[in-house]
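This report refers to the structure that appears directly beneath it.
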Amino acid sequence: MIPSGPARATTAPATAARGHLTVDDAYVAFGGIVALDGLSIDVPAGVITGVIGPNGSGKTTLIDVISGAQRPGRASIVLDGISVGPHGARLRARAGIARTFQHVRLFDSMTVLENALIGGTRVYQSGLTAAMLRLPRSRTEEARQRQAAVDILAIFGDRLLPRLDHPVGTLSYANRRRVEIARAIMLEPRVLLLDEPTAGMNPHESFELAEQIPGLLQRYGCSAVLVEHKVDIVVQLCKEVYVLDHGQLLAHGNPTTVQQDPKVQEAFLGVD
Amino acid sequence: MSGKDSKDNVADLRQDHARANESSPRRIPHAYLRKPLAIGAVAIVGASLLAGYPWLFGTPLMLQIAISVLIYVPLVVGQNIITGNSGQLSMGHAAFYAVGAYCTGILVTRLDGFPALAAVALAIVGAGLLGLLIGFPALRVSGDYLFILTIGLNLIVVSVATQWEAATGGARGLTRIPLFSVGGYEFRTPEDFYYVVLIAAVLCVGVAAAVLSSRFGRLLEAARDDRAAAEACGVSITGMRLSAFVIGSSMAGLSGAMFAYNLGFVGPQSFTLQQSLLIFEMVIIGGLASIRGSILGAIILVALPEALRFLQDYRLGLGGVIILILMVWRPNGLLGKGVVAPLVKS
Amino acid sequence: MSEFGQQLLNGLAAGSIYALLAVGYSLVYGLLELINFAHGHVYMVGTFVVLSSMLAGFPFAFALVIGMGFGALLGVLIERVAYRPFRGANRIIPTVSAVAVTLILENVAAQVWGPATRRFDTPLPTSAIEILGLRISWIQVIVLAVTAVIAVMLYLMVQYTSWGRNVRAIRDDMQSAELVGVPVNRIVTSVYALGGALGVLAGVLFAAYYDSVYVSMGFYGTLYAFTAAVIGGIGDLRGAFIGGVLLGIVQALTAGYISSGYMDAVTFGLLIVFLVFRPLGLSNSGQVSRV
């Protein structure tokens, strides 16, 4: 049984930590190339865990395997005690795995608000038929969803609030990223997978986003897997970091220790 | 689309939104429900024109044009839901049209006194079933291939309709379809029948508007815009695509029933690939993912050739030229919305 | 048994024509992953041009060359106008453009040559010979021979010439090919020209075989070519031949043992079955375009 999230009141206080995610022995190969080689990670509930590594080390593949976008050769994935491995991307989203993509993926024909609202799919209680018939229960829920979306978008200050009705195609790259994150939060997820969220942002924007992420997560008490290239952000946000190289685990621990590990320094030689 | 007035204070913005939400909890940021007063006025004028049409433009020709347009409306709206809102390149829409027409025709010619409304309902269901059936293989097949697959379906339906004489009357078709009647009242004259197709078209448009502006419509378009992102949000791509086919084909079934009652005759010649192409053209020209566009497309491609009689022979080719021009200048069609990204000139 | 054999033979001959058509089609698809929806219309218009040339007094061979040249030019023109400008864009656009082109061509053809079926008299021999209880007409022999020759020629061209190497490079990865210096636009143009010319050749054989040419053979041409290509594995030239021949045989058997009216239903039923259950074709070597 896949647990789906209960609908929450829009002004929910920080809730109990959840999102304990375990990935065990993940193996993915494309053609002759091994992207993940028996990788295992453990993401504690309510905590931001970092994943770093040079290009091609398998970070995005790992995210894809967790979210269900990529079928692994083998992997065991357990979220809060439930095995989600056999299920596809859609059901994993329903189970509470939310994600952003390396290259922002928004619904370009829609506005900021509409994009965010799509994220509400997981939490909606009334059915689609009720929505089409405009039954009262559905209408109140729609209103609540809109308010929730606005509240989440408000976390980004006045970056997005003046632009709720703008088509997302007209936004700056940084704003598009923020919309994508807001949409993921709308799922009231257990675990949020962030694939290089600050890519394409300048240092000021990156710093700003880094400040906002913990607040976003506390809203629903979820955990996060943060794939990042920018070391200072990883140090700031993550208690624990996994370092990947060629699909294998190179090192793991708190960011400062890991940084000082000679194996890690060698792997990153010449890179950031 | 215009944005809100920029305010520095985040809290103010949130309050604005909350207030707006309270007063009109159904507020939907779609263009066509924007200015209530203007919409209201247009609606009243439009409704009067539609209701009084037979008196205002009573000539047999004008009436036939109107009836023809109104029969096409559900066809085009349905096709647009499949291709515009759901992004599935489906071409054989005449197949669903045919199923609707033949369902009606067979029922009322075989079973004496079969009630018209029931025949229409069964036509809708029959066409919807075919839509569901084709929806499944459609899931497994990519854009261009789906195009050809649906053309194949169209040709299969025509082939079967032409060959299966026992059921469909073969190439000669089904004749002597009785008049449309409800509760004993027969709609004899074109003026009478005009109101029948008008009501059918209005109901269809109403349903389409309700469906597309609801949460379902949003999810449908999300599945179209970015499949991976939609799945990551828990949207069922399968469910959305199948639903689009069922809804679109059911509407075609409605048109089929109207067609049968209008002509009193159903034959395979009316459901060829040419017909599918015409419906497709109406969607492309009128505008993708737009109900108003669908209506406009139907009007343009039915009424205009009538008005420009001397161009009748070139109707097909001119349509082609218009479409080519549109592909460069306005690939979404005249009233279409954001389905296809504006062209990047290489 | 000889009845069956006869049907088989008829199917083989008709199928060879489809094979020729399918090859031109597959060439383009394999290269650009683009369904050249206007392919059949080029074949139709070109065949009519041959007809008109003959009626204007040109000897058959001459008329054939004129027609094939016309087909080549038309193919190139269509590529420039309806496909190239939209090369990077969303799939809907070139598909719709192709449809638009077919509408224009169909309209023009109907206006110039009329909607009715016309006869197609050629100096090709119409008599038949008897071998092993099977009746083979000279036209069938010619069709089979021409197709075989073209098949071998194409294979040699694609495998052993520098042109063929370029085509294969583009098929593997267009961007890399470009970087390596392959003149992509010129090769693409040549493929469309070749496809168009072969298409007209197929059309002329078809018209001679059935002694008829008509406007709607355009759409059917495209659809049969596509079906044949899918059956054999789209993008695979050998597959296109096999698919074409098989299609011809299936159609002949349907016409012989069920009814010619159901040919369409069977043909496109086959198409749907293959598209859904075996999209890579019989040889499992076709290219599948992304869903």
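A, B and C label the chains in the order they appear, each numbered from 1.
Methods note: a residue touches a chain if its C-beta (ideal position, glycine included) is under 8 Å from a C-beta of that chain, and two chains touch if they have at least 3 such contacts.
Just so it is clear, the model here is predicted, and its values are computed rather than measured.
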Chain occupying the most central position, where position means C-alpha average: B
Relative to subunit A, chain with the most remote C-alpha centre: C
Euclidean distance of C-alpha centroids - subunit A vs subunit B, Å: 39
Length of the line joining the C-alpha centres of subunit A and subunit C, rounded to whole Å: 50
Interchain centroid distance [CA atoms averaged], subunit B/subunit C, Å: 34
Per-residue overlap in subunit B, given as positions that touch at least 2 other chains: 339, 341
Residue numbers on subunit C that touch subunit B, as the complex places them: 34-35, 37, 81-82, 85-93, 95-97, 99-104, 106-108, 110-111, 219, 223, 226-227, 259, 261-265, 267-269, 271-272, 275-276, 279, 288-291
Touching residues (chain side subunit B, partner subunit A) in the complex: 1-8, 10, 13-14, 17-18, 21, 25-26, 29, 210-211, 214-216, 218-219, 221-222, 224-226, 228-237, 289, 337-339, 341
Contact footprint of subunit C on subunit B as seen in their complex: 87, 89, 137, 140-145, 147-149, 151-153, 155-156, 158-160, 162-163, 273, 277, 280-281, 284, 313-321, 323-324, 327-328, 331, 339-341, 343-346
Contacting residues of subunit A [partner subunit B, same complex]: 67-69, 88-90, 93-94, 98-99, 101, 105-111, 113-114, 117-119, 121-122, 124, 128, 131-134, 138-140, 142-143, 146-147, 150-151, 154, 157-158, 161-167, 169, 183-184, 187
